[in-house]
Amino acid sequence: MRFVEEFRDAELGRALAAEIRSLVQDGRTYKLMEVCGGHTHSIYRYGIDGLLPDGVELVHGPGCPVCVLPMGRVDDGIALAHEPNVIFTCFGDMLRIPGSHGSLLDAKARGADVRMVYSPLDALAIARRNPEREVVFFAIGFETTAPSTALTLMRAKAERIANFSCMCNHVTIVPPLRALLDSPALEIDGFIGPGHVSTVVGARPFRFVPEDYGKPLVISGFEPLDVLQSIHMLLTQLADGRREVENQYARVVPWEGNPRALAVIAEVFALRPHFEWRGLGFISQSGLALSDAYAELDAERRFSIPGIRVADPKACQCGEVLKGAIKPWECKVFGTSCTPERPIGTCMVSPEGACAAYYSYGRHAGQREATRENALTGAGEAYP
Amino acid sequence: MSGATRQERIGEIVQRTRARPARFRDEHITMAHGAGGKASQSLIEGLLLPALRNDALAALGDAGTIAVDGVRLALSTDSFVVTPIRFPGGSIGELAVNGTVNDLAVSGARPLALTLSLVLEEGLPADELRAEIDAIALAAAAAGVQVIAGDTKVVERGHADRMYACTTGVGVLDPRAELSTSALCPGDRILVSGAVGEHGMAIMLARDEFALEADIRSDTRSLWPAVDALLDAAGADVHCMRDATRGGVASALNELARASGVAALVREREVPVAPAVAGACELLGIDPLYVANEGKLVAFVAPARARAALDALRAVAGCEQAADVGEVLAEPPGMVLVDTAFGGRRVMDLLAGDPLPRIC
Amino acid sequence: MCLAIPGRVVEVVDDADQLAKVDVAGVRRTVNLALLDADPHALIGSWVLIHVGFALSQIDEREALATLQLLQEMGEDYEQQLRELRESAVE
């Protein structure tokens, strides 16, 4: 696979890891936050944290759009799924996210017609094929995914598809990042910036991070070499005394973003005055809703949904994990009452949630040593 | 208490919790219970085992063994509910034969005979049924077994998704075989008999949910020739074998590591995966190690005979890509670890449910 | 952030709807190119980033090579240092 495998080269990984080690000053610790759930997943899947020197700590951020969805919105989705005649469509990641009384998968077991789709266009196709049913698409994602939903809605409107609607849970990246930077407890030295959101919004919107808060941010790709190189670039900035936005993922991310994608978002969506984020509370201007021009395709207007705000279960500390305030294993219910099979919160269910990633991939204490050994000796490579 | 100590303690607590028999506490059956991951495990360990209580079942092998007048027999059963019933590389009939044949084979039993139970949907075209019966006959002949009894039921339109098939098979345990799910030894080499993830991806593509096109075919075939070759080359030094079906190689390794109280270490780079399967998995965000196979086994062989076993396996038609993908470790018990192609190490746990494609 | 993967545009499926077949290691899927603001035919043979059935961005091959080159140079420096280390140890 081109543009993928070259960035998984183990030898280059070892070299980069060595370079990173040489940048780390004795006794100094660095806390770097990867904002994006995709990076969290990558870090654990490739055992990258094990390749870093002890002084470099990775903190996981809230960039998992599934993880930050509050329980009340999941309940709303489930209510829609139970509406008579509805075919409820969503991405695979949504199916096991717990609401107050079970997940969408449980709703399916109880008789709701819940179907997983890979693309919003597939949901629209289901609507075309089933004219007598109401098809609802549960839209989630940051600005990465919003343009795809937008184009799908534009198509639905142009073709006058009457039996299709969308429940919109799209969120934007800058407000929660700002909210994080504003919280007093946070002590992050630098940010591994979201790679795919940036293909849409560009690098410009992140300038406030160095300019207003004095922290470096490097927009990063998702392959392990990308993540390591971004860490290297962050540490180099810190060593040089520079604070700026850099683009490690230049092969994919245009500095100015994607104007067409931004245009369709502007046409189809409007910013909600505020939106609730799991663990971060209400953040203004952080969520998207369908604009008035697309009101007739808005599932929240077509159907009546409970719209009840549900507090996270008392035991759940997802909010603190999402803010990077605590590590997954520091959550009081991690691994005991909260496991991937019986999750209490979203961080444990979403494949990109920090807790799920740590539980599934990272849980072995002896790993760091083993990984470091492999990294230094090249073992784990050619096996006789 | 320092951070590191808490992390280790939590790790230990999680380990202990996972080592306990799974409890079955769900209120409804969901699709996850059929996926071969943790939910399936809770159903088996938490509901079936306690109720049915016997040593043969408790071994949780692919087949159950029973001695009759000094002859050791193996019995196994499998239901097939795949949809669509025809897919690139095979059909439900073929799966029904090979599935049970393989469960017997990897338990060390030469498959002898099958029974066949069919549940047919009202309205199923006779031609489709005919095609499946032909497929069953062909597969049985290829596997060297006879279908000696059967049953047919018909249910109303809307049930049985065209047809469900269930086969039960009997075989005689081969004298060369000394296999057990609890016989994995630290140092054992882990062999897989070929490229992984083909069946599951073929079905995923055939279902058209994701509108992907690729030349991926199910790998359904009888594993007896592979088992025969392994037993010939390494006999009692083959400690265990498993048919890597639902949940893929990852699930098989997890189940056996758990049963034997050992760890399995996989070297990701050594695992054979066809490029198209790798590409489809990338697109959907699935790990090929979790994807179902229908013609692949994993075998645990004592290190002294592992090379000979691998060579013998590679000489079997269809197993040319067999590979040594890792080894058994003493610790941490019940865990599967992966040395990633990139050089890091991570855990490879049982999936909680279905390998749902990661989208966002 | 969300799962996106590079694929090569191999054939235009629908001009009006800007749909094309994109290939990832032999697996093909129809992808919507409307976000790319370019004529689908002009994109045949180029690499794009695919996300939920849409192309989000065109992959800049020069940048990809530049990034790899940088990494490879670092790799060579490292190998060089390792060699020097081993050689000095022998003496």
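Letters A, B and C mark the chains in the order given here, with residues in each chain numbered from 1 onward.
Keep this in mind: a contact is a pair of C-beta atoms (placed from the backbone, for glycine too) under 8 Å apart; a residue touches a chain by one contact, two chains touch by 3 or more.
Here the structure is a predicted model, which means the values were calculated and not measured.
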{"item": "Centrality ranking, top chain (CA atoms only)", "value": "A"}
{"item": "Comparison of B-C and A-B by number of C-beta pairs in contact, larger one", "value": "A-B"}
{"item": "For chain A paired with chain C, centre-to-centre distance based on mean C-alpha positions, whole Å", "value": "21"}
{"item": "Rounded Å distance between chain B and chain C, as computed from the means of their C-alpha atoms", "value": "35"}
{"item": "Rounded Å distance, chain A centre to chain B centre (Cα mean)", "value": "32"}
{"item": "Overlap residues in chain A, where contacts from two or more other chains coincide", "value": "1, 4, 14, 65, 91, 118, 122, 141, 144-145"}
{"item": "Numbers and ranges of chain B residues touching at least 2 other chains", "value": "210-211, 275, 278-279, 282, 285, 358-360"}
{"item": "Junction residues of chain C, two or more chains touched", "value": "1-3, 5, 24-25, 52"}
{"item": "Chain C residues within the chain A interface of the complex", "value": "1-6, 8, 17, 24-25, 32, 34-37, 47, 49, 51-54, 56-57, 59-61, 63-64, 66-68, 70-72, 74-75, 77-79, 81"}
{"item": "Residue ranges of chain B touching chain C (in the complex, touch as defined)", "value": "210-216, 275-276, 278-280, 282-283, 285, 358-360"}
{"item": "Partner chain A, residues of chain B touching it in the complex", "value": "3, 6-8, 10-11, 13-14, 17, 25, 28-32, 38-39, 42, 209-211, 267, 269-270, 275, 278-279, 282, 284-285, 324, 331-332, 335, 337, 339-349, 352-353, 356-360"}
{"item": "Chain B-facing residues of chain C, complex", "value": "1-3, 5, 21, 24-30, 50, 52"}
{"item": "Residue ranges of chain A touching chain C (in the complex, touch as defined)", "value": "1-4, 6-7, 9, 11-12, 14-16, 18-19, 35-39, 63-65, 91, 118-122, 141-142, 144-145, 147-148, 151, 155, 194-197, 199-200, 225, 229, 248, 250-254, 258-261, 264"}
